[in-house]
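Common to both upcoming complexes is subunit A, partnered first by subunit B, then by subunit C.
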Partner chain A sequence: MNVARDLLKHLCEALLRGALTVLTMAVVWELVVRVGGVPSYYLPSLVDVLAAVTVAPGAYVDSALRTIAETVLGFAGGAVFGVLIGVAFFQWKALRDYLFPMFVISQTIPVIAFGAVVVLWFGNTLWAKAVIAFYMTFFPVTVNTLQGLNAVDPRQVALLRSFGANAWQLLTRLRLPAALPQIFVALKLGATLSLLGAIAGEWFGDSVGVGVLLLHAMYNEQIPALWAAIFLAGAIGTLLYAVMSYIETRFVFWRDEL
Partner chain B sequence: MILSLLPLIKKRGLLVAMLTVVLGSTLMVSAPSVNAQELTEASLRLKWLPQAQFAGYYYAHAKGYYREEGIDLTLNPGGPNLVAENLVASGADTFGISGGSDSLLAAVDKGMPLVSVGVSHQITPFVFVSRKDGPVKTLQDFKGKKAMVWFTGGNYVLFGMLNNAGIDRSELTILPQQSSVTPFINGDVDVIAAMSFNELYTIKQQIGEDKLRLFKSEDFGMTFPRDTLIVTKKTAQEKPELVKAFLRASIRGWHDAMANPKEAIDLVMQAAPTLNREHQEFMMQESYRLMTAGKAKTEGIYWIDEASLKSAHDFLLKNKVLSKPVPIATAFDGSFLKSIPIELRNP
Partner chain C sequence: MDMYTCDSMPSSRSEGSARSKLLSLAGMSKSYSPTVCALNGLDLSIEPGEFITVVGPSGCGKSTLFNIVAGLEEPDAGSEIRFLNKPVNKASELLGQVSFMPQRDLLLPWRTVIDNAILAIELEGKRRADARRIALDMLPEFGLAGFENQYPNQLSGGMRQRVALMRTFLFGRDLMLLDEPFGALDALTRTMMQRWLLDVWQKHRRTIMFITHDVEEALFLGDRVLVMTARPGRIKLELPVTLDRPREPDIVTSPEFIRLKRELLIAIEEESRKSFAPTPSAGH
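Right after this comes the complex of A and B.
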């Protein structure tokens, strides 16, 4: 209960701060469009954008839920895998020497090149998008976990060793907690990256999702609907980021002391 | 600092709860679907995003026509990054609506094991548009102007039209067309290609129908039948009954969709709720007009008209899109269609 209330409070505060900025931008936007006489295919009025949502509000809700599910699944998988592999690379140098270059190569492949193959393998499933979201997440998490683990103060390691700590205790009691701030940097980055991955995945022939809304609006030249989809993607990205930074404040509560 | 880390261990509860939620939802998603035992599973990869161009399939699907024919069909939307030929050839999809006679012949030429069992659009489904008050009044006026066309097959139609009129294609600037017709509306290009059921609608809405001049490829001796229904050669050989059943259900779907247009559009809009209804109503009528044009008037929808396919083939061969002659009979097989009584196929 406490956690939920805290999360809500955290979100509300962030929302209030954000609302002021957003409101200012909205007023400027509307002024530019109306006073400046900008054609609607360059920049539609926000009223038109809202109207596009009210035509089929259900589609926006369904799409948001679907995209969030894909993102969260892929992100969770990528985060867990990234931390595990980061730890494995740290513990076994040989593994890192052999596999790390492969990881780097995998990240040089543009997701759009990779997407068509994923659809061939997994079809139009939630899994296909989760796999792409996973692909976007695991690498930054691996790199940051490795860096965080490497950055632990050797004097602290020596101290715990002198108390008789074994390798497992060193890892779970010192190294991982000390690497957490670094890992969370990657997790926050990964939250938005995995959303990008899920949306890109939806461009390969699906019927529900924020990516699908973007595609439909783009190819049917429904510019207000295009902006509505962009805002929806932005809102989901912000939400995921906010949740991650809230979890960070709970887990890395000592951060301010660093 | 180490001591201050100890309370961290208590936070594991939250992590465990989060993992449980994720794993729980994972299990729910992977639960197998039931009651599809005596039905054959198959999928249809559409050529493009869900829209009324495919109303007949959506209608047949929603009304259970495929199930009545023993097919458990999944409708898979296409999109800008997907090529139905590849997805069908690789076995990812059973049926596909391919780009058209041009892309299918090119795929067969490259050795893809595909065969078309029906042709949807009997005539070229797009036109070239210029402004009535602009400089382009005849095909000859294309010279020295800027024209936009999709480089995914549409360009060959333009090349063919110019060729037949004795115009060297290097005399004009031909630009690749993207998703938007804005360059034409803004006046940045003089001529643009437009699907008669899609872009043309948008252009008419923005500029006005009476202010446009249309160039139809048929008026310049070129016809490219498009939206061909494809299967692999393996499916055609091993499951002829599946192919016939699919054709019967699809034809029935189109007939009934046209008889109940409002309901048909409702079903399409269920698949893509953000679509513009008026546009979709127009699109369904226009798509059906293309499906029932030419020989299909007397031979029924999906008719494979060898004469127009041959002329498209010869043109593609001459322009080196095809590396060698592709016999029409190997790329197209009308036997499945002909097994269905003509009364059922007639528009």
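Right after this comes the complex of A and C.
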């Protein structure tokens, strides 16, 4: 498929550019550790970090897949819910007046405070983590959707109305497409936040996942394994962000005109 | 802000004409607040197939007039609108009944040329594939052949304006409202577009109401030029353009053209001076 090939090319280019930076940083890291004589407790050699992965690669692959599944599930749910609620708030002012304050309050509670309750409700399942990822995603998407819908050029609205457009047509032909750039800002933010939510969720109890790897390494003072888990989390975050950026460039190709 | 009030000027409409009118407005007023009045007792009628141009000082309520005729704003109570010989109770009944083209092209940046052109007829409920087929046949006439799949940001200002005009023409209503469509174009492109618009109008025989700041443009294009007063706006002068069609570009140097132009300039000058007057003393 053309789209798949484009995606691959986009990723490859991003990776190539990133690779140079990463390589430079890795060299500096190794130099600091070896020449500077930093104790491995503070900063392990990258060779040791790599070794930690190669000892049990299966655990890392499983954890990554699990955490990605939780993140993507929660993120997708949060994105869809966020856009729908944003549209609903836009169409019905009363709904916004009553519910929006509740949304804001819900977001002032740190997600960690909810963790235990979510595990009680959903058990040690994939769903529990997805719910936390969802909770992290939907709010910024709601806010940006609402903002984007409100920011549409009133002259454009007048033009479509003069053509006899109804409310549904105004929404689908004008307001939603015009709000896409704003929505994508929130989606990219949400991709990173939902990963944070999934990892935090895993800390409330599970046996597999990047959060679990982090926790185990910390308790057992396996410093190279801890760094390996950190890098894995970073890689997943970067991957999700890159995918969202790519989708953005395909859907909002006209953005520079605004 | 303006301090004029609408103390209902009497309508000076003449009831005599038996010819069918496409649109007639009588005693049209519009105030935005007790102290801000955009239109006051405006009378106007348009016959089918006419090309009417409207000139007037800045802020004289030309755009308000267009917004009301397009159905986007309601006039004050007591204003009379008849469209296609039927009374119109609320201006919003006119939504979807006239082809309106605002000053800016307002093309949707995520739609290609062809999809922008079919926007209005698509909203009407025509299937996209059918609408595209009709539009494709019209592209050459609008100088857009081969550009159907370009996006607006790939086009020049003149081309964007032609896409917007094509969107307006495709909408197929009896009355087209063009609000300074060429205002943002350079002089050369503008002249070309004027000639082109006359060609297209003569071929399609549509009724056009055209707002402009440019007196020469108003004369070159119109069958009748309406001069509006300074705020609150009403019709100050109705000048029939006694120039033969088709009009060649060099008509602007003919004595008749220059005579009409002088008459218009005097009327506009008078109104412009009013709108710059230090105190609002609009004679009532």
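Everything that follows uses one rule, which is that the second predicted complex is superposed on the first by the 258 of 258 C-alpha atoms of A that agree within 3 Å, B and C clash if a C-alpha of one lies under 4 Å from a C-alpha of the other, contacts with A are read in each partner's own complex, and residues count from 1 in each chain.
Convention: contacts are C-beta pairs under 8 Å (C-beta built on N, C-alpha and C of every residue); 3 or more make two chains touch, one makes a residue touch a chain.
None of the values given here were measured: they were computed from a predicted structure.
Residue contacts after overlaying the shared chain place A:35 against neither subunit B nor subunit C. More residues of subunit A lie in contact with B than with the other chain of the pair subunit B and subunit C.
In the superposition on chain A, A:20 makes contact with neither subunit B nor subunit C. In the overlay built on the shared chain, the residue A:254 is in contact with subunit B and with subunit C.
Once the two complexes are overlaid on the shared chain, A:164 sits against subunit C while remaining clear of subunit B. In the superposition on chain A, contact of A:156 is made with both subunit B and subunit C.
In the superposed pair of complexes, A:174 makes contact with subunit B and with subunit C alike. In the superposed pair of complexes, A:4 makes contact with neither subunit B nor subunit C.
Within the superposed three-chain model, A:116 lies in touch with subunit B and out of touch with subunit C [touch as defined at top].
Within subunit A, the residues touching subunit B in one complex and subunit C in the other are 156, 160, 173-174, 177, 254, 257. Only residues 3, 41, 52, 55-56, 58-59, 69, 72-73, 76, 112, 115-116, 119-120, 123-124, 126-127, 156, 160, 173-174, 177, 203-207, 212-213, 215-222, 225, 247, 250-251, 254, 257 of subunit A touch subunit B when the two sit together in their complex. Listing the residues of subunit A that touch subunit C in their complex gives 153, 155-156, 158-165, 169, 173-174, 177, 180, 253-254, 256-258. Subunit B meets subunit A in the complex at residues 1-2, 4-5, 8, 11, 14, 18-19, 22, 25-26, 29, 45, 48-51, 76-82, 87, 90, 92, 179-182, 185, 202, 271-276, 279. Residues 67, 70-72, 95-98, 100, 102, 104, 106, 108-110, 119-120, 122-124, 151-153, 171 of subunit C touch subunit A in their complex.
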